[in-house]
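Listed below are the structures to be examined.
What follows is chain A paired twice: with chain B in the first complex and chain C in the second.
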Partner chain A sequence: METMTSAGKVDSSFLKEVEKRSGEKLSLCYQCLKCTAGCPTAPYMDFRPNNIVRMIQMGMRKEVMESSAIWFCVYCQTCGTRCPNEIHIGILMDTLREMAMEEGFHAKEKNIHLFHEAFIHSVGRGGRAHEVTMLMEYMLKSRDLMADSLFPGVILFLKGKFPLLPSLVHGKEEIKKIFERCTKEK
Partner chain B sequence: MKFSYFPGCTDHSSSLEYGLSTHEVFKALGVELVEIEDWNCCGAAATHSLNRLLSLCLPARNISKAQSAQAGPLAVPCAGCFSYLKRAENVLKNDEAGRKEIEEIVGFTYQPSLEILALVDVILNRIGLEKVQEKVKKPLNGLKVACYYGCALVRHPKITQLDDPENPQYLDRLMKSLGAEPVEWSYKVDCCGADLAMTYPKVVKKMVGKIVSMAKEAGAQCITTSCGLCQMNLEMRQDVGLPIFYFTELMGVALDVEKKENWWKRHLISPKGLLKSSGLL
Partner chain C sequence: MKKLGVFICHCGVNIAGTVDVKSVAEKIGKTEDVAHSTDYIYMCSEPGQQIIREAIREKGLDGVVVACCSPNMHENTFRKAVKSQGMNPYLCEIANIREQCSWVHQKEKGEATRKAEEIIHATLEKVRKNESLEAIAVAVNRRVLVVGGGIAGITASLDLADGGYEVILLEREPALGGHMAQLSKTFPDLDPAFGGLLSKASEVEKHPKIQLHCYSELEDVKGFVGNFDLVIRQKATSVNGAKCTGCGLCIENCPVEYVSEFERGMGIRKAIDMPYPGSVPNKAVINRQHCRYFLDGSCHRCEEVCPEKAIDYDQEEERISEKVGAVVVATGYELYPKEQLGEYGYGEIPDVIDGLAFERMLAPNGPTKGKIVRPSDGKVPKEMVFIQCVASRDPDRYMPYCSRICCMYTAKHATIYKEQVPDGQPYIFYMDIRSDCKGYEEFLQKTIEEKGLLYLRGRVSRVFQDNGKVRVLGVDTLTGKMVEVAADMVVLATAIVPSPGVKELAAKLRATVDRHGFLTEAHIKLYPVESSTKGIYLAGCGQSPKDISDTVSQASATASKIQALLSTDKLLQDPLIAFVDEGICSGCGICVEICPYEAREMDSHRGISIVHSALCQGCGACIASCPNFACELRNSASNQILKMVDTFVT
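Moving on, here comes the complex of A and B:
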């Protein structure tokens, strides 16, 4: 597919690559803006979900990969449920984040990235998520003191809802193997 | 009647009272829950954000454990865990290349006969509201409840295949059967902000603030939910003191099961005042 603009031909290789990898037919988008209208985190994004789709169509790889939008998506799937062309933007955002990290782009929302990583590391260690070690890793790496969460966090700890010791699976080796295979094949 | 049961990581931590109340309620209903052996994390939001394959293989290991247990359909209390298990199931069922890759990595053979059900679906459509109603000892006296579904139970509807994605009724019907009065409101499927609460608490405070104030405006005395993260965000990030129950806790009140005190003390906003003034404590 070749698109002509006043500036000349548009390189559609980025669009093709993202469509193939995400399985989402982004060429169908006619900018009805339903995705952005229903998106609860759109007000905090630098580009709105409908902009991201258009930018991909226009081949703006760097701008998309370095956007805050791909990190602010919380996968609530309101957009994908309402899209008249059945484009699942949540899956698109997942794909873009994964591609951005593989291609060495800088995560515009560093802390969101670090939090996801800390969570994954916690699961990799014992097969189950453990809040205390996960939050410690996140705080150390991000230097985010989590001032807004500290007080309620301490209360939850006192209520026995943040146990100090993690609950571990017996099949740690199985989990390790899954992690190795899923990381190696990327 | 019996079901396989996937508790999820927060069963031991941030949603302790969800698991405790679920077990008491199922005991009262005479339905057995068999915890699947050596289950692991469903992958949660973090894995699909950065590693799609891992986000499918982690739930697939749980699916393989549930298959070998042969203890009936897999019942999942947490809406988040439910949606990630269903997402993996969708690939295992409908994408042959994807299925082969996952089977090879996890080391199992997928059997499409295993059903994966949200706990609320189990109660409504397997156990049945008639049976629940038979066991009600303390009707909820017209307690005004806002039923909050959030994202994961109803979206994406093709994956979760559960209720209407814009105006779901499952929790509303359940609450009615317990003698509560579910309120009509427009925010039942709006997102609570999920794990942005950790990195952008001010954003989540705004999102939660809207949900809680709209519930209050609709006349609700409390909100009920089926998701651990929603419950925590709604309790932690609001200023108005509206109690947030897991739906199993309200079932426990109506069925008048034991050890409820052990649930109330886990809440950041104590629901005891409301229960007392409604004649339920």
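Moving on, here comes the complex of A and C:
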């Protein structure tokens, strides 16, 4: 078992940094596990959402940044809605993904970055995710033409859940501006 | 022939689930003198009692057996019910077929049914010979003794005295305050404990209804509820309390210093001193074990400097006799003794201290004037480890119970530490966090959020000295990682144990203690402030570990209970006491010696032994010891008991 030693090595700076960037009060977490209990992707994560919070409290920067868990979060916000201490793990995971990218950490899963990029591009184009074009972009970029999502995609398409044409939002210009600003700030 | 009634309770399924109550009622009903035999789901309920009342009225019963739970529960209920129909209450008896039958024989239903029948038959034998008795009225002394001058004793005394009752308050130490006087701030509001305590203590000192005896112990107690006779041993302070003004000149000039217990070994005190600065009463006391005058007669400094000529080396301890009607035991707690804690370097490593020592360190009037420093070198600790549940919740080696206050005071300690040393890091090893009173959880969460306390869930495995640091090894079970902290200082939240001497005091009061030495209450839920002995009440940590709020509540509860008890001039006492057959008594006097209540006395005129009905508690010791069978217990006479035994053995 790995030993964590102090003389300042339980590194509280990571906790402070993540708390500041995400705006979430992570030190309040008392590990009730409500977040993990409701998380639809928790069964597939290497660390559960509650573990991620605890690891941040314990200053385990590398383990958190390298985890698949932060990329598996689909931002459904079940955790944040239910958290008794008002910690929005969705927002936290977003922050962690940003930090991981900035610090050059890569998720273990192949192409997981590409998938997230395809999603963001899709939102950028229409103001709302359009699954068909998003999937096309992902498959082309990843060269994974028989992606896992293909089969369920077909079923969803047959049920009319995958419209061929994107539904566009009002204020496309504003969306564009938001994206421009965010890209510039980076 | 008497007409008897038998009423069998189902107690829901508690009895009826095991005992076939219907068949028992039917069989008992066939007994010759049983005029009425019935069963009901809850006899103690209003409709149940109504069944009894109606049967007495309609059948003209002159004896009742209720077969139900323990007489401790409902004897009074049923005796009141029969009394309302004009029957003498002592003609109603309880046959306990729940605790003594159905509960213990759940797997042997047939046998349990047979046993229930026998118990009822035996009780019927008793009722057949029962006499009509009247309760004995006993005069009540309306003064109260409070043992212990901590916050519990102070609160109980003030409440009682404000209620108009005279109080005698005993404190073993030379001043009031108890452990609360040692505390820095209190959770959850971080309110300084000392000021509030002092103002209450001075109120006690000035109260015209409170007689304060500090430096005193209870030497002997006799009597019973309403009439206790006490002997108080007032130790010699060697200072005339009436003359001493508390100026402190003697303390300044005293050349003898020794380690202060009040400062938990971190400070020193003089051979003539006060327990703490500004103590109540504000009078100096000479510790004769350390004073040179008493050791070899070589020093008279205090006598020389005292402007009031208050020093009195010849003062002797006094024995004071008092009478009271009730007693509050508020003896408080001590921390688990370090000599017995072979763990965590406690007592060996100077920078490993206990919670009370840390309190003294945080207190503005403490040995470091409130500054947090390592006892070994006086440096400010940058890495602080707090360990909770030390000797608590450890049934195998130490104490099985939770000490209740450690979670909160550790959070408080860590908070104050972080306020004083902002760049320091507090680590708290815990097993669970118990923050169950008003504002506690909020306090805890607030401090965690604001102060950045790092809680590590798991027990510490080792604490050892290493290169000027105190290394603490443990695990954070929430991540599964081993944790090693090179700490500057470690504070142990050691278990709360009863004060030394409580067992002896309890024996004097005929109160009971549990296996850990905490005083036992009459009923954990329904009578939590009464002891198992009538007239003895419990407040504070002597009964169980608790915080100041709970202690104060409990102390006030004892005060209100006692005010109810002493609200009348006469106490009604059960007439189930010993009586003497004057024709048989030979006046041998064995009973006089054996009686623990001094209720037996020789009537030298008639040459026989008599019973003081007000003092007799009906314990039966004299009856068992009488060689001539001259005394008997009312309604438990030997012919009754033998008949009852017969029922079981034939």
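Going forward, the second predicted complex is superposed on the first by the 121 of 186 C-alpha atoms of A that agree within 3 Å, B and C clash if a C-alpha of one lies under 4 Å from a C-alpha of the other, contacts with A are read in each partner's own complex, and residues count from 1 in each chain.
Simple rule for what comes next: a residue touches a chain if its C-beta (ideal position, glycine included) is under 8 Å from a C-beta of that chain, and two chains touch if they have at least 3 such contacts.
Source: prediction; values computed, not measured.
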- Task: Tell me which partner A:Gly160 touches in the superposition: chain B (first), chain C (second), both or neither.
- Result: first
- Query: Where does A:Ile175 make contact in the superposed view: on chain B (first), on chain C (second), on both, or on neither?
  - Reply: first
- Could you say whether A:Lys25 touches chain B, chain C, both of them, or neither, answering first, second, both or neither? second
- So, does A:Met58 touch the first partner chain B, the second partner chain C, both, or neither? second
- Item | Broader residue contact with chain A after superposition on the shared chain, chain B or chain C | B
- Query: Counting only touches as set out at the top, which of chain B and chain C does A:Val10 meet: first, second, both, neither?
  - Reply: second
- Note on the structure: chain B and chain C footprints on chain A meet at residues none
- Query: Which residues of chain B touch chain A in the complex?
  - Reply: 9-10, 12-16, 38-41, 43-54, 57-58, 61, 105-107, 151, 155-157, 165, 189-191, 193-203, 205, 207, 232, 236, 265-266, 268
- Message: So in the complex, the part of chain C that touches chain A is made up of which residues?
- Response: 383, 425, 427, 433, 445, 448-449, 452, 454, 457, 469, 476, 478-487
- Sort out for me which residues of chain A touch chain C in the complex. 1-8, 10, 12, 15-16, 25, 27-28, 30-31, 51, 54-55, 57-58, 60, 85
- Query: Okay, in this complex, where on chain A does chain B touch?
  - Reply: 40-41, 44, 72, 74-78, 80-81, 88, 90, 94-95, 97-98, 101, 109, 111-113, 115-117, 119-120, 123, 127-131, 135, 138, 144, 146, 148-149, 152, 155-156, 159-163, 167, 169-171, 174-175, 177-179, 181-183, 185-186
